[in-house]
Amino acid sequence: MTAAVSIESVSFSYPGESLRVIDDAILQIEEGSFVLVTGPTGSGKSTFLRTINGLVPHFTGGVFQGRVLVGGRSTVDVTPRELADVVAFVPQDPGASFVVDRVEDELAYAMENLGMEPHTMRRRVEETLDLLAIHDIRGRSVRTLSGGERQRVAIASALTPGPRVLVLDEPTSQLDPQGAEDVMAALQRLVHDLGMTVICAEHRLERVAGFADLAIGCGGGRFTIGEPHDIVDRFASGPPVARLGRLAGWDPIPLTVREARRMRGTMPSPPPIEISGAGAPILSASGIVASYGDKQVLHGVNLLAAEGEIVAIMGRNGAGKSTLLRCLVGLHRHEGSVEIRGSKPVPGRTIALCPQSPDSILFKETVIEEVQATVSYTRSGVDVTTVLSALGIAGRSHRHPRDLSAGERMLVATAATVAGGAPVLLLDEPTRGLDLAAKEKLQDYLRRYVAARGAVLFATHDVELVAELATRVILLANGEVIADGPPARVLGDSPVFAPQMARVFGPGWLTPEQVHGAMSAGEARTR
Amino acid sequence: MHPGAWLIWALGAGTVAASTTNPFYLFPLVAVSYLVHSTHRGTGPQARSFRFFLTFAAFAFTTRTLFVALTPGGPTWDGLWFDALEGARLATLLIVFGTFNAVTDPFKVLRLAPRRFHEPALAAALALSLTPRTLESVTQVREAQRLRGMDVARWRSWAGLVIPVLETGMEQAVVLAESMDARGHGRTRRSRYRPERWTTGAMLIAAAAVAAAGPFVIAYLDHSGALSVPTYPIRWPSVSMWLLAGVFCLGMPALVPRHEERR
Amino acid sequence: MKGRSSRTVLLWVANLLGVAAFLWPFVLPAAIGGQEAHSVDAPWILAGLVGAVGGLLFVELGRGGLGPKAVALIGVLGAAMVVLRLPGSVGGFSPLFLVVLIAGNAFGPGFGFVLGATGLLASALFVGGLGPWVPFQMVAVGWVGMGAGVLPRSGGWRIRIAALALYGFVSGYLFGAVMNLWSWPYIAGGSAIGWDATSGPAANLANYGRFYVLTSLVWDTFRAVGNAAMVLLIGRPMLGALDRAARKMDLTVRSPATSSGGSA
């Protein structure tokens, strides 16, 4: 086995900053391994990934020490373009990196740059379209794709030139659970069959931990490589099975549902399903019909939310979640009615939406001014520092929002939206790029928010978030509501949307804390 | 369709529009552009750029004509007429450009540039592709800001709308440049995945564009005044059948069937 | 390293050619014959300037020059200049100058010159129309951007904005004064406000002063006031945004321990 990537005493800091984002990293990544990169939000995962094909330091400047060898070449000596045949990189926001307009041409783009033979290109394009199941969108314009489709196309176009090393930055953040599973399985096949090296940063460990044979943990500028169980135990708090393992004192902690099943011992009896007492209705939408072009995407959706409810809207990619949110706030033309406490919604006042891409609202030069701006628009009287510390970004108050990591920017945008204090708050995929600690802070804040102000509705693919946070789940499929009820009932027996605890212990179980509570109660009884 | 054919068409139509202020040539050119756009526009949001440039053209025409009132010395009918004609020329140029944008992808045109000129061509392609991207971003930012409570109609909100668009525009451009570099752009002689061929149709379009621009270039160079409209005093402009025929030559793409996308 | 030095040389060449283009009729008065300004020499100067500026752009935009990141930004900001020229101008004022002033100040003189020249050329292609004046405008707008880049970048925001507004005001007149030179020797020849090869520099300067006050002062006041007002009203957030972009453009890679580092 030879090293695909070898990182030799690398330190790096951005221009004008003294903090070393990478501090003397020494790692060897062997060829044909599937490597998971994990660590808290803003710990330098993206920077680390970008050193592997030389985008750091060639596109960032800064102080770079040591060297990164890829395929025997040092990334400082050659530019990223010289490494294009060896390393492929899928950035965090795949939409921004598309060069050509048509999906099929986008897949061929890197191969054209490398001067490959036309018949090779044809074959590779077909194979990759198959591998990622994107045959049906091959002729579409990349600008018209949904988030999940964009992610698949970005991965596909990184794969076509046949790189030895594939680097992915949060590749499943916009994919539904099934889609994420499929993409990961496809990548694993390439690792097993072709000996490709995959290096992948991801916060939703439940999606990738099972595939990784190595992991890199980062924190405080340090990067440690090792066996996944060990690294996850030290550097990350998730996935849920690992949290349960830690609570129950299992050793080693399980990383996958299968491992947890082997260790679970006696099964606690399923918990009674809690049905939250319905408060007064706050948001009511009925008969929502909406279309994109001549294609109808919502066929008469009815939706009710009561005071104090946190409603999750789930569904596979393209089920109409984002469109439904856009209809509720009145951004998308639709039939049917939407009312908040009996009157028409006022955007920004009685209903607010945090966009999926935080960059579209960030315009101030410090985080605190950004959030303050919302308070002065809405005269909500919300205390800015309280919001910032509740969401765990008080330490970033005086930084430029756009200089923060993707997860932190998401939090700033969320803070800038909740600061308006609207009685109905909508969030579109609010946990992109967030680590578990940040997610827990966000959850606590949202629970307090609904208690004080009204209701929260959020669209997400993050099953574990829904299991922890939602009081109710609405499942959309093909533009219709197919299930509506408490999470334990709706998610419990779904093969796609079931959280890890339900997979290990049967329908009804949602969170590791809940399971652990029942387990210790059971032990107490037997004793 | 070969992007080169569209480039030549746009250069031809642009030459015609730039060389004259005579509305009898400019209006038919606008009509011809509309025809070309409606028969050959693409499928992506790029295709919307025609409507966008049409709005832009109307806006530029109006402001340019109105600004005469603000010029030192005050407005005169002659001045107004002169500025209206200049405005019409600019509006037509914008519409021609909008058509070009709607029927082809700037990055396809970028590939025509020889390898040594990739960087300058990249700047040009980025600038060209900027309009649809900016348009998307403007809508997105407006919507998002409204939903956090900003009163987007107020003048004082300008920074909240302009700064995200500007920042996002610059960031996207840099990310794109980065992505192109990381994917080996300009590294070696490119091969073509599905080479665009110079079909008969493409050659017809190019030839018609050259034929259209020819008489206008000749008329421009011999200073006969055939292209200008008398403004001091205002008189009815003359029309030459040759030049008018040239304008209609630019409608050639409408007669060439667009290729069915091979599946 | 080679890229950097050839860049500096080209920047100088373009500037010297610009100066020469504006000034040569004064040195070689016999060549002035025709009615139309620069009708004889313009094509040649145009060729020379476009060649030099084109070469400069090519090297700046190409490998070893500004690098793909700056190329991307020149594309974006150049396009913004074109768009801002669309609504036309009020007197001599066009919002296009705002971009040149602010970007020049944020990114420095070299970038300012290249952006000014490229953006003007692009805007002329679409909006202004091509003519023998274009290369002169390219150089003059380039100078506006270069000057903005020379202004001090330290000190608080207030000082920077005030300095930039003042510079915008002054450069509003200077731009007009410089642009006049390309046609002045031809159009007002022989009169009390024209250029006279036989009288001395002092007399000519006085003539030019009179010519300027009569023909351009009001016109240029629009530009001067407009520039200053724009910078004061909306300059601050835009300068903040471009400053940040400029900070990220610093691509010098330092590698203190190993010798293999170089400038990107």
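So that you can tell them apart, the chains are marked A, B and C in the order they are listed, and the count of residues begins at 1 in each.
Definition applied: a contact is a pair of C-beta atoms (placed from the backbone, for glycine too) under 8 Å apart; a residue touches a chain by one contact, two chains touch by 3 or more.
Note that this is a predicted model, so its numbers are computed, not measured.
Peer 1: Compute the centre of every chain as the mean of its C-alpha atoms, then state which one is farthest from the centre of chain A.
Peer 2: Checked the centroid distances; the maximum from chain A is C.
Peer 1: So which has more C-beta pairs touching, A-B or B-C?
Peer 2: So, comparing the two chain pairs, more contacts are at A-B.
Peer 1: Between chain A and chain C, what's the gap in Å when you average each chain's C-alpha atoms?
Peer 2: 47
Peer 1: Roughly how far is chain B from chain C, centre to centre by C-alpha average, rounded to an integer in Å?
Peer 2: Averaging C-alpha atoms per chain gives centres 25 Å apart.
Peer 1: I'd like to verify one number: the distance from the centre of chain A to the centre of chain B, where each centre is the average of its C-alpha atoms, in whole angstrom.
Peer 2: 39
Peer 1: Please set out, as single numbers or ranges, the residues of chain C touching at least two other chains.
Peer 2: Only 68-69, 237, 240, 244, 248 qualify.
Peer 1: If you look at chain B, which of its residues touch at least two other chains?
Peer 2: Residue numbers touching two or more other chains: 159, 163, 167, 174, 176, 178, 180-181.
Peer 1: Which positions in chain A are in touch with at least two other chains?
Peer 2: Only 58-59, 363, 402 qualify.
Peer 1: Spell out the part of chain B that touches chain A in their complex, as residue ranges.
Peer 2: My answer: residues 42-46, 105, 107-108, 132, 136-137, 140-141, 143-151, 159-160, 163-164, 167-168, 171-172, 174-176, 178-195, 261, 263.
Peer 1: Given the complex with chain B, which residues does chain C contribute to the contact?
Peer 2: The touching residues are 57-58, 61-63, 65, 68-69, 71-76, 78-80, 82, 86-91, 118, 122, 126-127, 129-130, 218-219, 222, 234, 237-238, 240-241, 244-245, 248.
Peer 1: Can you check the complex and tell me which residues of chain C touch chain A?
Peer 2: 68-69, 237, 240, 244, 247-258, 260-262, 264
Peer 1: Using the touch definition up top, name the residues of chain A that touch chain B in the complex.
Peer 2: On the chain A side, the touching residues are 53, 55, 58-59, 79-85, 87-89, 91, 93, 96-101, 104-105, 108-118, 121-122, 125, 139-144, 157, 161, 329, 331, 347-349, 351-355, 357, 359-363, 373-374, 377-378, 380, 402, 416-417, 420, 422.
Peer 1: Help me check something: in the complex, which residues belonging to chain A touch chain C?
Peer 2: Per the touch definition, chain A meets chain C at residues 9, 15-16, 57-67, 74, 76-77, 363, 365, 400, 402-403.
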